[in-house]
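Remarks on the structure that follows.
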Amino acid sequence: GGTAGGGGGNAAEGGERVYVQAIADDPMGLNAQLISGATPSMFSAQILDPLIFLSQDYEMTPGLAESWELSDDGLDLTLVLREGVTWHDGEPFTAEDVAFNFEEIVPLQSFGAQIGERLESAEVVDEHTVVLHLSEPFGPLLETVASQFMVPKHIYEGTDYVTNQANMEPIGTGPMVFDSYSSGEQVTLTANPDYWGGEVQVDRAVYPIMTDPNARAEALFAGEVDQASVDVSQQGRVSDDPTTLLLEESNFPQLVTVMFNAQSEYLEDPAVRAAVFAALDREAIVDTALSGIGTPANGFFPEALEWAVSPNVDFSQDFPRDVDAINETLDEAGFERGADGMRFTLNVRYINELSDVAATVEMAESMLEEVGIGIEMQGTSGAVFTEKVYTESEFDLAFLRSTVGADPSIGIVRWYECNDQKAAAANPSGLCDPEIDAAAAEALATSVQAERGVALTALQDRAAEMMYYAPLAWFNGAFPTINTTRWQGQDEPTSMTNRMPWTTMTMEG
Amino acid sequence: MTTAVNQPVAGTPLIELTGLNVVLPTGERSEVEAVKSVDLVVHDGERVGLVGESGSGKSVTGRSIAGLLPTSPRVRVSGSIRIRGQEMVGAPARTWNEVRRKTVGMIFQDPLTFLNPTMRVGRQVAESIPDRRLVRSGAGGDRTARDRAVFRFLRQAGLPDAEQVAASFPHELSGGMRQRVLIAIAIAKEPSLVLADEPTTALDATVQQHVLRTLDETVAELGTSLMLISHDLAVVAGMTDRVYVMYAGRIVEEGPTAQVLAEPRHEYTQALLRSVRSLTDQDTDLYSIPLALRQRFAEEPSHVA
Amino acid sequence: MLLEAIDVSKTFRSRRSSAPVHAVQNATLQARPGEFVAIVGESGSGKSTLARLLLDLLDPSEGSIQLDGREVGSMDRTERRAYRRSVQAVLQDPAGSLNPRKRVAQAIGEVIRLHGMARGSAETRHRVTEVLELVGMEPAAAFMDRFPHELSGGQRQRVLIARAIALDPRIIVADEAVSALDASVKAGVLAVMADLKDRLGVGYVFITHDLPVVQKVADHVYVMRHGRILEHGPKDEIFANPSHPYTRELLAASPALP
Amino acid sequence: MKARLFHYGRLLLSSLILFIAVITVLFFLLEMAPGDPIQTLVGDVPLSEAFRAQITAAYGLDKPVWERYVLYLGNVFTGNLGFSFGTNNEPVLDLILSRAGNTLALAVPAFLISTIGGIILGSIAARTRKRWLDGGISGGAVALFSVPNFWFGMLLIMVFSIWLGWFPTQGKSPYGQPGIGFEYLVLPVITMATSELAYKTRIMRSSMIESLGQDFVDTARSKGLSSSHLLWRHALPNALLPMVTVSGYSLGYILAGSVLVERVFGWPGMGLLFIDAINRQNNMVILGVVIVLTVVIILVNILTDVVYGLVDPRLRAQFSPQRTLPPEGRQDRQSDEVAA
Amino acid sequence: MTQQETHMVPPPETDTPAPPDGAGSPPPARPDAPAGAAGRRRPPGTERSPWRVFLRKPSTLVFLPLLGLFVLIAALGPLLVGDPSATGNAELLAPSAAHPLGTDHLGRDYLARVVNGGQISLLVGFTVAVLCMTIGLVVGGLAGYHGGWMDTLMVKLAEFFQVLPGIVLALVAAALLGANVFIIVAILSITMWPAVARIVRAEAMRISQLGYVESARAAGFRSVRIIWSDVLPNALPPVLVATSMTVGRAILIESGLAYLGIGDPSHPSWGALLNSAQAYMRDGWWLAVAPGLCIFLVVLAVNMLGDALNDAYNPTVGRVK
């Protein structure tokens, strides 16, 4: 350890049990219902509760709803709520709150909007029962409900939801209570003494904001913080140090993907796109750019989603890195090498803050050069990336890291579906493939898993033919790393992704 | 040990330069012999002029006497400078300070730049008053005594409005007033020698006249010696008893002012006078010293005593 | 030919202080070829400003500058060229009236070319030689390729005069052209100027505060103070019989050899 | 006196115009910039139309540009710098003020150290001109002036934090504790102060040399005053004049430079806030930080002018801005020195 | 110091002021000595051309070759060191014979990256300086000579960039407009030219007061011609000094921006290398040392040369009045 004067926030004062987790940036909000992003979601997961918990293995367990039942036609979802739950400000949690959420807040959320479109009414049956009436069946209904945090009606009703103070100082029903936030410095939470899920073993949680990855690593190795997300480049040290551990559990997997602009003059031809994809050495990317954390992608869906993965797609066979074959394909497509040995130059966009993606792009530069493709790297802020890639289609290739999400239909399919509105965070290729759109619609319109699996398989098979979006690697490097010197048991997965096992973790000494 | 500095000593001249050479650096690796084996004497109570054309070494000679040559280590002085008989070439800074504090008061050419712009005039004069005088007057350096002395010197230098002048900053005064402040600074130590280097070239003809008159009167009143440096023969003519003529770093002629101007013996002096007269006399033709003559002066300087 | 200032005033409005400076007020002055007009006066009295007005380097705030009855400010191109040629300037030397980066031949030659007084480099060079010899810089070839800093003060001032007369001017406006020079050099330059007046009929507007010199060379004298012309008249009249007290003071102040 | 009031009137007016110009340029620059701030706010997920409309309305983005501009400009003069995106309801001014203290905690010591140090070192160097001490000081000054300060900071971290473990690498206090820890302050202040110190030493040295070469020093010498009296009583007051201007500018550079230094040391000041805002296209915060910075710089400029007028008696009556340039007026630096 | 030493003193004509010659007398035969030799007369105090003084200063002797070396490496180095983007070596190798500067976190040869990065840094530095000098000369010259609205506008612009710190503007603009080399150069030039223009303006104002400019106006030359042939050539020395400083500042600012992640990732400059090096300060300290040292040395060289140039043009040896 190198940093002096550290070790502040632990049990020092009066045996207070403090958990310290460094976060990478100033949160723009703590209510993930309104502001998405890793940091707000992480905080919401500690402070707020969803109705249903969804684990990283896509397992559903009761949250604020003790039980739920979907009618056979998939149109009515009955939710029976937990009794005796109170908001952090002492008000009781009731069916009114839930109905309010579905009518007012959920439609604003990116995925909840899909429910909002189909919701006819949220009927309050009694104080602890709510029935959602839909106009049409919605495949990933429960998964979507599971990703909605409940916020209090009495705080939000009649206010401007966007600027409500509670977005920054959320009032929820979860194990941790918002305590304070000072910009650029830290966020603190305290234990919820009335948590319905058991006794919280931590008195206070402190989240210092440390933008520099190096500093986070140093602090973590020194034991000054108990948890931090550490750059992939430091993962070697993490595995060498017996006290530190990368938390690969309790989160939805992340993936590093490449997106093609099918309207680019060089990439119109699916064969060329396939050749470019094949030229990207996924093993090497995982080994070097991602420091070996993660696995090269072999198909479009993560393997955990067994029911949805197409058996027909195998990247290692469909897109092997066979330099000669790739060269041949490119020659045939009419892109002969020029005098300088290059065929064409691609404009590559990515968000430069995502250092693992940046490293991937830098490796891709060398890999593509080998087959005569030059790249012009355009690493920008997220805002510019969004505008250039999604809205203006000013790119040839784009690299991104994103998460799989609660259900393929909400987390994955949007990257393949037609996106003629040029919406952000959805298929930017400019391609609208009727086959894919049909499959996607089918998967959305039924709640029967087997049927959805068939539709999704068709989608994947077609995606392999068209090749305009594909994962390069499943990647856990962006997950937090913990130091187990002080606290134990933080690595145990909870039933909810992103939530710490507050009730079971224990502190040494 | 140094108390003798300001007391006249019978038989020793106040200032005595013998074989003075001054070499000044002019660039990275070149230098100029600004003063070449100059012999010059100033006695107590005497008024001496130093004339010569621009660049002939008058100022350097004057500054050598006050120890005010540039501080660069590349400045080389050889020969002898005796002040009240004490050898000053190679003397330590402390000795020079002593001389400057008590014996030699200097008046410079440009009255604006030679006054500190950020300091009130009164303080600048006060700094020049050696404490001993105040101690002697029993005031022990107390403020009002000092102030009174300052006012006295300012008045003596021809500034009757002394209180107001003392409270001013230099830029608030006219050129003539500033020049008088410089005179006040020079006489405030009641020096044995007032050394004035072109004290009026920056001034108007009318103002020049007033300032020169003031200088003349003050020096007469204090009975100190005066060394007046100028390239204007007319100025020197009216103010001095004896004159030295310099050319290209050397003294080429020396003698009573009236005599030198009336019957110059050195060819250069003759030529110079001729050209000066040619400018003022209505009837003579304009005369400029021919180049051949100048080259000769520069090459084979002859001294006429 | 006649160059005149008719009732001109020049007021400078400083940006920084609110008080305007009346540098020249209602001055009237006439200059002719072959005549030596001197302007004397204390420092800051507006002499240089008046000279600049005569040279059309400043626009008058009031009144006008006229050449043969034509107002300088409203001249057309050709008239203006003629004015620029016939009225020349010789300004004070020490601040550097010669561009340090131009050789003598270039400094004079470019003016000759500009006014089409010679064509081609041979002809230009010939003209440069001519004027250099006119001002007594012989052999001209020895000076042509020197830079200003390779000349003595007197030579530099003569190059300026040579440049001015290269255009066959009728009037030369000289602002403190000899003030900074040694008595001997001053005499030399004045001799050249007087010679040109006699031989070529050049006229001068000569600005100085050196009264003996004025007495020596001038034909007509103007006395200025605080921006106004106090009095003017033929030299002998002014010197013999100054009407304004300031003029008397000025005359009395200049020291003279016994 | 009247002239002086007139002068200040003009100064205030032109400062005001400058200020408005800065706001205007930046406002429209940000307006023109690519990127959708609303999308950035929500994150990299699809955005429902309803929500987009709500956000647009909440932040008043539905009004036409010029209307927003006029509104903003009006608000600025009432101290309302708008609201930060995301950290809901947090007025930009509060946000900035909550960070300003941290930046000042670095800037003020850096300013004092560099100014006082520069005066002392520069004077010493000027006095011992052409000897080894001067050589050392001026050589060191040029060297430090040429070091990229963020790299210098990185080196300090590498040596003093990582290898020697004397100081923490990042942050302003132990985690979870309020306030500022002294050991946290040391390295960033040193980093911030060095290049300014180097610059001021250089200015002071040359201004002192110039001052010592002035004619009035000869007058002082002719009084027989001791050389230390000459240096401190006569040369120094005059040599200090350019330092007034340089110091005035320097506070601005230090503040602008905090962007880099705070980034290196993870110091939660205005600089970090600014970078953060740029990365997230938090336009109101970008504007707000620049406005606060501009106001400070303008105020310091005015203050400099006032101080200058007080220090230089010549200016009590008249003004000549030329004189306010440092003697090395040649390199009157623009703001950009921050990278130095 | 006892006897007179004349060995160092050049012939009298060189340093004693040129004796003015009399009216009508023949001028001295011009010495036939070659230009620059001791026989040539110069204004007192500057007996040697500033360039020669500059070229002989010890700091010039050290830093001019150093800068030259960097320029040479930037110009030719990339042809010698191989592909800076080629991955494939082991990652984070310490410096060794095969990789004199080690390898980076993706296994790329760091020497190749530093050499190529230098190309960008120097390109930015020199291009910005040249642009600033050009704009500065034109605008500053016009403003200083003409005054009036041009002058007012220029002064206001300069004030604008003084009040709105360049790096702040650059940060905003580059972050928003994208950050390729051209944009960076453009932004830096836009924010930095007023500094040069101010100096040109001050010089032009000073020179415009001089006799030769007034003479040229009186002779009837047009102002463009006067600015071009009289004002600018004489304003050049301080402008060159300022320009040399601009090179250094541009490099520093560019590296600062790149360090903040605002730069062209396809062509990483030294600053960009430092940006990625920050994550490896523990395991790959050499990654942070080499580029930083390069920036330091280049900027130092440029500043030293600027100082030397300044000294050469403004010798500090005083004159006795």
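Each chain carries a letter (A, B, C, D and E) given by its place in the written order, and its residues are counted from 1.
Throughout what follows, contacts are C-beta pairs under 8 Å (C-beta built on N, C-alpha and C of every residue); 3 or more make two chains touch, one makes a residue touch a chain.
By chain, UniProt protein names: B, C = Oligopeptide transport system ATP-binding protein; D, E = Peptide/nickel transport system permease protein.
Quick caveat, the model's predicted, so the values are computed rather than measured.
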Any chain that touches chain E and chain B: C, D
Reference chain A; chain at largest CA-centroid distance: B
Between the pairs C-E and D-E, the one where more C-beta pairs touch: D-E
Interchain centroid distance [CA atoms averaged], chain A/chain E, Å: 50
Chain A and chain D, separation of their C-alpha mean positions in angstrom: 40
Whole-Å gap separating chain A and chain B, where each centre is the average of the chain's CA atoms: 89
Computed distance of Cα centres, chain C from chain A, in Å: 86
For chain A, residues that touch 2 or more chains besides their own: 212, 214, 218, 353, 381, 384
For chain E, residues that touch 2 or more chains besides their own: 17, 19-23, 26-27, 46, 175-176, 278, 281-282, 318, 321
Two or more partner chains touched - positions in chain D: 34-35, 162, 215, 263, 278-279, 281
Residues of chain C defined as touching chain B within the complex: 42-43, 154, 182-188, 190-191, 194, 209, 211-213, 215-216, 249-250, 252-258
Residues on chain E engaged by chain A in the complex (per definition of touch): 83, 85-88, 91, 105-108, 175-176, 178-179, 261, 264-266, 278-283
Touch list for chain A against partner chain D, complex: 1-9, 18, 20, 22, 25-29, 34-37, 40, 107-113, 116, 160-165, 167-168, 181-186, 188, 206, 208-212, 214-215, 218-219, 224-225, 353, 381-384, 386-388, 391-392, 400, 402, 414, 423-426
Residue numbers on chain D that touch chain A, as the complex places them: 34-37, 39-48, 50-51, 54-55, 57-59, 83, 85-90, 95, 98-99, 102, 161-163, 165-178, 181, 183-184, 263, 266, 268-269, 272-273, 276, 278-282
Contact set on chain D toward chain E in their complex: 14, 18-19, 21-22, 25-26, 29-30, 32-35, 142-143, 145-148, 150-151, 154-155, 157-158, 162, 209, 213, 215, 249, 252-253, 255-257, 259-260, 263-264, 274-275, 278-279, 281, 286, 290, 293-294, 297-298, 301, 322, 325, 328-340
